[in-house]
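Dumping the structure here so I can ask a few things about it.
Per-chain residue numbering starts at 1, and chain names A, B, C, D, E and F are given in the order in which the chains are listed.
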Amino acid sequence: MATVRLWSDAEAEADPRVRAVFADIRATRGSDFINNFWRGLANDPTLLERTWSSLKVVMGPGTLDPLTKELVYIAVSIANGCPYCIHSHTAAARAKGLTPEQHGEFLAIVGMANQTNALVNGMQIPVDPAFRVEEGS
Amino acid sequence: MATVRLWSDAEAEADPRVRAVFADIRATRGSDFINNFWRGLANDPTLLERTWSSLKVVMGPGTLDPLTKELVYIAVSIANGCPYCIHSHTAAARAKGLTPEQHGEFLAIVGMANQTNALVNGMQIPVDPAFRVEEGS
Amino acid sequence: MATVRLWSDAEAEADPRVRAVFADIRATRGSDFINNFWRGLANDPTLLERTWSSLKVVMGPGTLDPLTKELVYIAVSIANGCPYCIHSHTAAARAKGLTPEQHGEFLAIVGMANQTNALVNGMQIPVDPAFRVEEGS
Amino acid sequence: MATVRLWSDAEAEADPRVRAVFADIRATRGSDFINNFWRGLANDPTLLERTWSSLKVVMGPGTLDPLTKELVYIAVSIANGCPYCIHSHTAAARAKGLTPEQHGEFLAIVGMANQTNALVNGMQIPVDPAFRVEEGS
Amino acid sequence: MATVRLWSDAEAEADPRVRAVFADIRATRGSDFINNFWRGLANDPTLLERTWSSLKVVMGPGTLDPLTKELVYIAVSIANGCPYCIHSHTAAARAKGLTPEQHGEFLAIVGMANQTNALVNGMQIPVDPAFRVEEGS
Amino acid sequence: MATVRLWSDAEAEADPRVRAVFADIRATRGSDFINNFWRGLANDPTLLERTWSSLKVVMGPGTLDPLTKELVYIAVSIANGCPYCIHSHTAAARAKGLTPEQHGEFLAIVGMANQTNALVNGMQIPVDPAFRVEEGS
């Protein structure tokens, strides 16, 4: 169904770079589960390494809380129409405490944003000067 | 520059439905400023009323904090490529306390999500059974 | 397969707000069929109520004919890549009289628009002054 | 501002293929005005010829009325975020009789479609069997 | 599963216009295989003819090599989220010599472009004067 | 005009991490010119460092030629509607030898891909079994 082969655990074990990344994913997440995304990326160990090391930093501890980070991720994935990403990050958000009430509220915001994006684009509204950050200011 | 006329305050005053919405926007936000989006929507008072009443509920108090709501809104607007919406909601997020550190972290998540959305779509990764919510379950 | 549970008729009956919306959908459409979209939205009765009441107005009688409204809806859904929406609104358009000839002509326009959108974006064509509606004019 | 040069009338006159297309655009539209899109495409006469000959057929007489065709075109352009295309086709729709009431109603549909596209994608609603057209049926 | 019927070979044989296009596809590609896209377009012979004749020219011999053309095609299809198109053009690229190494490198570029597109849109970076092609220059 | 401040050379000099990245961009490109994208990213040195180090690898020497890489980048940027990205990578492609003939041919492919993406989505064409790569195969 994919355009690339999804690597099995046995194949991953046989490639030192893939094995190392899979081991770090398991250690970081505290779970033995490796989802299909990483099994597809394993076809290109360089891309696998770079993607995981970036994701680990971006979604790791910072100034935004973990649930907010997942919601931002899902919002982008909905707007881009990526079914896999919506499924995987909604599951991740649930694991981080997303309640059904918050999920409904989140979907309402995403729906509203898509609606007003379209209204703004349709009317080609010019940016209010008050919203601009001046260069050098 | 817009595809519709942007209503002045004088014009808004002369239409009872537009006047009422503008008054409610000002009261809700505690500011006299009415941004161009609403001045464009004023051309269709029914659409203006429905959009404002929905936005007021969706972005009002709920189970997600106000800053998280704005970040979700901006994330959608970036993915959809709506310059006006990005400007207006980034300004709103700043008004709600977004720090430069949080803004950088937020942009990094949006960038990462767009990147992995593309990688997933390019590889056409099938959804892991573990991510599915079964109907009726 | 969905990220939320799809409500059965029995569940809908047990929630007064969901029951009322489902009853109104059935009465408005003159059909007992409730499609999955509404069964998913039932998880958030507030969002269900607002979405249905807006959709009922927007797609109801107005100055554009019902078939034109459906075609506009499908066009957006194609550009956004929403398979469910394309299926449901193409079915709705057929029910409102869309002929195979009109469907082919419609698809040709959508294809053409996507093509010229890309050509325009690729060349970054500046808007002709003749197309602008001036503020205040 | 563009990524290609926009051809002047004098340049177009000097190239027999561009001159012929520009003459046909003017004759078909009954207007001397050639908008920037065609002046950009003139850099590749083959692409210019193919685009114009396709557009002339697709937007010409058929089973859908001319205003409906323009609305479908604008809907796609809004969803794709093509400012030039939104401006040029909104101007064309006005020239074909679009009233302010119809424009407002149209924008409401486009906004609604974008909203429900997002809600459907966010919930990953499975297509109802009733909506499917079977192969061979 | 489709919104239109997919034509069988027997049906295509019975329509002279569809038969002619299918014959030309087979002759051009040196293969008896007609993929589903063309079987769907067969419902509108005019659209089928125009699409095939354009595609044949655009993807035929020119100044860009055949593999580069396929990669550009896949890149657009990923960004637009068209699963069918990603599958069919990845298969075509493989047939034209795409190696697994090149595929990984290609996916890395597409991912990177989507990421920086989002970062640029999120920051609303103004175009550097050095990048502009002046009109008439 | 941006939502963040664009750093001047003097400011960049004063921050060791930004100074180091700007120096590496200049050395890698053999040019003193730093475009606005990097001046915006400078607000978040961590994001600046990661973005530049990834881009340097992805767009650096590999199995695809430099011009093909730029064309893939522009194709994504057109589909996503990122004006800045289209301008900057079209300028980069020209610097790497893109001829006007190749540019026209490239735009024709991007336009064609967007058109057939829409036709495929509109018809919801099922993937031909022949295009699938089986897991484990």
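The working rule: contacts are C-beta pairs under 8 Å (C-beta built on N, C-alpha and C of every residue); 3 or more make two chains touch, one makes a residue touch a chain.
Just so it is clear, the model here is predicted, and its values are computed rather than measured.
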Legend entry - Required steps from chain D to chain E (each step between touching chains, minimum): 1
Inset, instruction - Give me the chains shared as neighbours by chain A and chain F. - result: B, C, D, E
Inset, instruction - Quick one: point me to the chain whose Cα centre is farthest from that of chain E. - result: B
Legend entry - Interface copy of C-E among A-F, D-E or A-C, judged by whether over half of the contact pairs recur: A-C
Legend entry - Per Cα centroids, the chain farthest from chain C: F
Legend entry - Centroid distance [mean C-alpha coordinates] between chain C and chain B, Å: 20
Inset, instruction - Calculate how many whole Å lie between the centre of chain B and the centre of chain D, each centre taken as the average of the chain's C-alpha atoms. - result: 27
Legend entry - chain B and chain E, separation of their C-alpha mean positions in angstrom: 34
Inset, instruction - Going through chain E residue by residue, note those that touch at least 2 other chains and give them in order. - result: 1-4, 6, 46-47, 50-51, 54, 76, 78-83, 86-87, 90, 101, 105-108, 110-119, 121-124, 126, 132, 135
Inset, instruction - Quick one: label the inter-chain contact graph as line, ring, star, complete or other. - result: complete
Inset, instruction - Would you pull the chain D residues touching chain F in the complex into a rising list? - result: 3-4, 43-44, 46-47, 50-51, 76, 80-82, 135
Inset, instruction - Note which residues of chain D are touching chain C in the complex, please. - result: 1-4, 6, 33, 35-37, 40-41, 47, 51, 54-55, 58-59, 62-64, 68-69, 71-73, 75-80, 82-85, 87-88, 90-91, 99, 101-102, 105-106, 108-110, 112-117, 119-128, 130-132
Legend entry - Residue ranges of chain C in contact with chain F within the complex: 74, 78-79, 81, 83, 86-87, 106-107, 110-119, 121-124
Inset, instruction - Using the touch definition up top, name the residues of chain B that touch chain C in the complex. - result: 1-6, 8, 46, 50, 54, 57, 132-137
Legend entry - Complex contacts: residues of chain A adjacent to chain C: 81, 86-87, 90, 100-101, 103-105, 107-108, 111, 118, 126
